[in-house]
Each structure stands twice: as structure tokens, then as C-alpha cells.
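Just below sit the structures, each encoded as C-alpha cells.
Heads up, the next two complexes both have subunit A, just with different partners, subunit B and then subunit C.
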Partner chain A sequence: MVTQVTNFGRNGVSNWLIQRFTSVVMLAYFLCVACFFVCNDNISYELFNAYFSSTPMTIFSTAALLAIIAHAWIGLWAVSTDYLTTRMMGNKGTVLRLLFQTAYSSVLFIYLVWGLKILWG
Partner chain B sequence: MTAWIRITITCRQLNERPAIGHQISHKSKAVKDNRPVNLDLTTIRLPVTALTSILHRVSGVAVFVGLALIIYLFDQASASEDSFIAIKECIEGSFLTRIALWTVVSALLFHIVMGVKHLIADLGFGETLESGKRASTIALAVAVVVILLAGVWIW
Partner chain C sequence: MLTVSIYRYNPEIDKEPYMKDYEVDTQGKDLMVLDVLEMLKARDSGLVYRRSCREGVCGSDGMNMNGKNGLACITPLSEALGKSKKLIIRPLPGLPVIRDLIVDMGMFYKQYEKIKPFLINDTPAPAIERLQSPEERAHLDGLYECILCACCSTACPSFWWNPDRFIGPSGLLQAYRFLIDSRDTATEERLSDLDDPFSVFRCHGIQNCVQVCPKGLNPTKAIGHIRNMLISQSV
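What follows is the complex of A and B.
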């Protein structure tokens, strides 16, 4: 294991648990959204808006958004610490890993702010 | 986890209090090892379990990238009635956006099907090698079907 300070949870067990918890939240959300798209033919703006802008759905969307951020952070961290290491990449490994981690955490932050702005703005 | 335990042990051995700062500064030394690695790809076999495992990872990264498109579509669709109609026409009228949407949705569906397999395995089902292989094969088949269905729906 490398540079644990860059990870989301405090240790592997809490990451594992967060990864599972967020999976279930997202799974429930995507099932609901997929049902909505599949069950409604030729969706109009009124229907779309009525569905997504109701308070329960807005809260559910927010929960899913937060779950995505945490889940992707942990997942991409695992990827980065498997491949972007000095063992795999030589001396550049650490720099590459930190660059990648900076990149995905910035993107996730943008997703978070952007998503919250859509949902609550 | 193991790293943390190892570092704690190191600190105990050094008769130090395992404070946060020590954990961090000792870690790089404690964990730097040079295990032998086999990177000769021609000698690595790829059984179905390994295939689904790496594809789950690839699809996860793909979804992360594709999320930009999903959020963009959602933004446009919820902003106003005009932009909703525009984006709907964009999806229905352009082959490229359909392919793009289908690609992202496929990656997501694949990741979800494999993820569910993961969650089931985490509950303690199918942990032998044989049942693991069977679960991977089934999940792969389910994923292909669901992805094709999504394609039919989008078109």
C-alpha cells in the first residue's frame, strides 16, 4: 500500500464498507431512474420535471451524487495505487500517481458542485 | 490495514508513541519492498474471473469519465423546456450522441451487473473457485443481454 493519506476513509476496512454502502445507494437510485425511463414512452418536460424536481427525488439524487463522489474517489484511488507506483512505473511513479490523484479529485469536486447546483440551484 | 498494523508494530519496537505523524513518515520505509513481478503478458492466462475483474475496473473508470456526459445531459434536460427539447432532439437526431450515450450507459450497466455480483459474493455466496467461475460467466451473460436491451431502447 502506498500513501494512505490520499485515501478517502481512514483504512482499508472503512473504504471497503463505504464502497459497499455507496454501491447499494447508487444501485437503488439507478433502478428507480431506469424504471422511469423504461416505463414512460416519449417523456415530456413536464413529466421529467415533475419526477426529478419533487423533494423526495431531489434528496435521493443528492444522496446518489454524494455516493458517486465517495465511491469513485475510493475506486480511482485503488486503481492509482495499483498501477501508478514506483514498482510499475519506475521513478516517475510517485509523481504520476499524485498528478492522477489531483486530476480525479478535481474532476470529482467539479461534478459535486455542478451536480448540487443543478439539484438545488 | 496491514500497513497500519506493521507501522504500529514498528513504532512499538522503536519505543515510540504511534502518533499520526509517525505513522505517515514511517510508512514509506516500512512498506517499500521489492517483490518479484511477472509482467510478461504472453505467459499470463486470462480466465473468465480475471476477465470480468479487469473489465469491472475498466468500466468503473469509464463511468467516471462518462459521468461528465450524464451530468451535462441532466443539466440541459432540467434547465428549461427549450433546452430539454433541444437535448432530446440531439439524442434522437444524432447518431453520434446516441452512440456516446449508449457507450456510457453500457459501461454503467456492466459495472452495475458486476458490482451486484461482487455484493452477492461479499455476502458469502459462491466463494469457491468453481462457483466463482460460474457466477462470472452468468454475470457476463447478463451484462451482454442488458447492454443489448439498452441499445434497443435507445434506438
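What follows is the complex of A and C.
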């Protein structure tokens, strides 16, 4: 059993399931938004605003935002634990990995709060 | 004449590894790569590599031939060369080189040891043996044949990056061999040991292992089965 505290899910299964579930949510959201653009010829600001301001779409956008945050966290964590390691980079590997993990978790947190403010503010 | 370029490194003499070229007269025969190495060994006794059975059973002579891992003893020159006219032989990638084509397999065996490659059964032993039905035995086909040559694990980028934490395709193929064995009663314990973000889930399914396995086995499929068992146990 190999664990790391910076891991998003509790274990390998959690990470794997979260990655797959969030992928489905993002795909569904992409298709939903793509349908809106394909099915409407003349898209005005009013139409765009009405579509994205509706309660169901706001909930869906929130779900997509949360999915992107979780998906990105797990993906970047995997990248950082592949390349930014003491095995690959010597003693500075752990410091670089922690700096990278702090940076992307901060950016993702900002995106989350900013996104929620846009959607619900 | 065939040009053979071989990775050479003797840490007692060389400051760093280098490639040494040889010209070999194969007399137009489609020799095995190991035969070519034996011819070169007769000329240059300093060249070292592992070999034993020379028929693809012992798994000693795993090496990288023109970019693809395989067993030198059962790889014909025509297959190793493809369209190339030069044979380039390097040690298995991702493991520390001891000398020339010999790598330190310690990390590979450590991962194999982790999966407890032996039957665990806490029930009282029967008088003669633990029997299996033909159907139960058939589940082991495609799994027990692994000869631990390390061609698959050393072709896997996830094993290159995390050889101390990712079990690797070979170890996981063996792990599934014991998980699916009807005589083994430690399924839950085995799965619990594998349920972390590295041991199994570092497999991203790129199937390099399937492409290079000299025995034609499919570690990716076995890893998929382990993943499904882990999910079934958890949800």
C-alpha cells in the first residue's frame, strides 16, 4: 500500500472513479453547450444570457466546474508524482513537487471561487 | 555484413556508457539475435549479457533490440531489424545498468515480492492436494506462463517513473494469477494491499507491455480485471 497525503481521493479506486465520473460530466456539459450553439443560428447576448442563467443550466455549469477542478487536481497530481520526484530530479524533487502542487491547488481554488461567484453571485 | 551497435559500459573502466559498432558476417542466415551476440562474444570476451536456456523459457536475455524489448534467443534478425540495416542493442530501459547489457533487476523483483506470489489458504490442508475443476484451472491460462523476463515492465513508462511504487505489468499479471486462483483464500487481503493510487492505478492502458511480451500474454487485460475487482469490492 503506497499513499500520499496530497492525493485527492482516499485511494486508487476513488481517484479512478472520480476521474471517470468527472469526464462524463464534462463531456455531457460540452455536448449540451455545443447543441446550444449548433441549434441556434443567431445567438444574441439576451439568448445566451437566458440560456446560461436558467436554474438547471446554472446547476449544470456548477457541476461542470466542480468536475473540472477535481479532474485537473487528480491529473496534475499524477503528473507531478511521475516527473517531480527525487528519483527523477534528486533531492530538489520533493521541494519542486510541493511547490508545483501548492501552485496548481491555489490556481484551482481561485478558479473554483471565481467560477461560483460568476455562476451564483 | 551486418552492422551491430551495442551499448557498452563497464563502471570499473568507463566514465560513461558508449555505443560500440561491430561488423558481423551472418552468411545471409536469419540468425537469432543471441546467436549474433555469441559470435561477438567469441571476438570480444569483454562483452557481457545474461543468457541461459537459449529457447525463450528462462527469461534471462531480455534486452532492447532496435527500440523494442524482447528475448534475444527467440528474436530473429529479420524481426529485430525490420526495415533497418543496423541492429542496435541496448539493455532493458529503466533499470540501473550493472555492466553492458546486464541490468539490476532488484526493483523488478521487489515489486514481484510485494504481490505475495504464492498461494495463501487458511483452511485445513486436505490429505492429498487442493483440487481444481478444469474450468477453475482454465482461469490461470494466459497468466501462469509469465517467465519474469521484465520485458513488459521495462517497456512501461509508468514503471520507469515509479519503479518503487507501481507494481508494473509483470507483477500485476502475477497478482491476478493468484487473485483468480480458486485455491487462494486471501483475495480481500491481496486487493487491500493494491488499493492505492500507485500500485495498480498508475497503469494508463497504453499496452506497451502487450506489444513486447515474448510469451504473447496480455498484462493490460489482467490489470483491467484487478481494477474491476477493486471497484466491486469498494462500491
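Basically, the second predicted complex is superposed on the first by the 117 of 121 C-alpha atoms of A that agree within 3 Å, B and C clash if a C-alpha of one lies under 4 Å from a C-alpha of the other, contacts with A are read in each partner's own complex, and residues count from 1 in each chain.
We take it that contacts are C-beta pairs under 8 Å (C-beta built on N, C-alpha and C of every residue); 3 or more make two chains touch, one makes a residue touch a chain.
Predicted, not measured: the structure shown is a model, and the values here were computed from it.
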Next on the checklist: Between subunit B and subunit C, whom does A:T85 touch in the aligned arrangement: first, second, both, or neither?
Outcome noted: second
Item to check | Larger contact residue set on subunit A - subunit B or subunit C | outcome: B
Next on the checklist: Quick check on the superposed pair: does A:G75 touch subunit B, subunit C, both, or neither? Answer first, second, both or neither.
Outcome noted: first
Checklist entry - Should A:V24 be classified as contacting the first partner (subunit B), the second (subunit C), both, or neither? => result first
Next on the checklist: Looking at A:Y104 after the superposition, I want to know if it touches subunit B, subunit C, both of them or none. Which is it: first, second, both, neither?
Outcome noted: first
Checklist entry - Of the two partner chains, subunit B (first) and subunit C (second), which one does A:N11 touch, if any: first, second, both, or neither? => result both
Checklist entry - Regarding the shared-chain residue A:T62, is it in contact with subunit B (first), subunit C (second), both, or neither? => result neither
Checklist outcome for this item: Contacts of subunit A common to subunit B and subunit C in the A-superposed view 1-4, 11-13, 87-88
Checklist entry - How about subunit A: which of its residues touch subunit B in the complex? => result 1-5, 11-13, 20, 23-24, 27, 30, 37-38, 45, 48-49, 52-53, 68, 72, 75-76, 79, 87-88, 104, 107, 111, 114-115, 118
Checklist entry - For subunit A, which residues count as touching subunit C in their complex? => result 1-4, 7, 9, 11-17, 78, 81-83, 85, 87-88
Checklist outcome for this item: subunit B residues touching subunit A in their complex are 1-4, 24, 27-28, 31, 34-35, 37, 57, 60-61, 63-64, 67-68, 71, 74-75, 77-78, 81, 84-85, 108, 112, 115-116, 118-119, 122, 153
Next on the checklist: With touch defined as at the start, can you tell me which subunit C residues reach subunit A in the complex?
Outcome noted: 158, 161-165, 192-202, 227, 230-231, 234-235
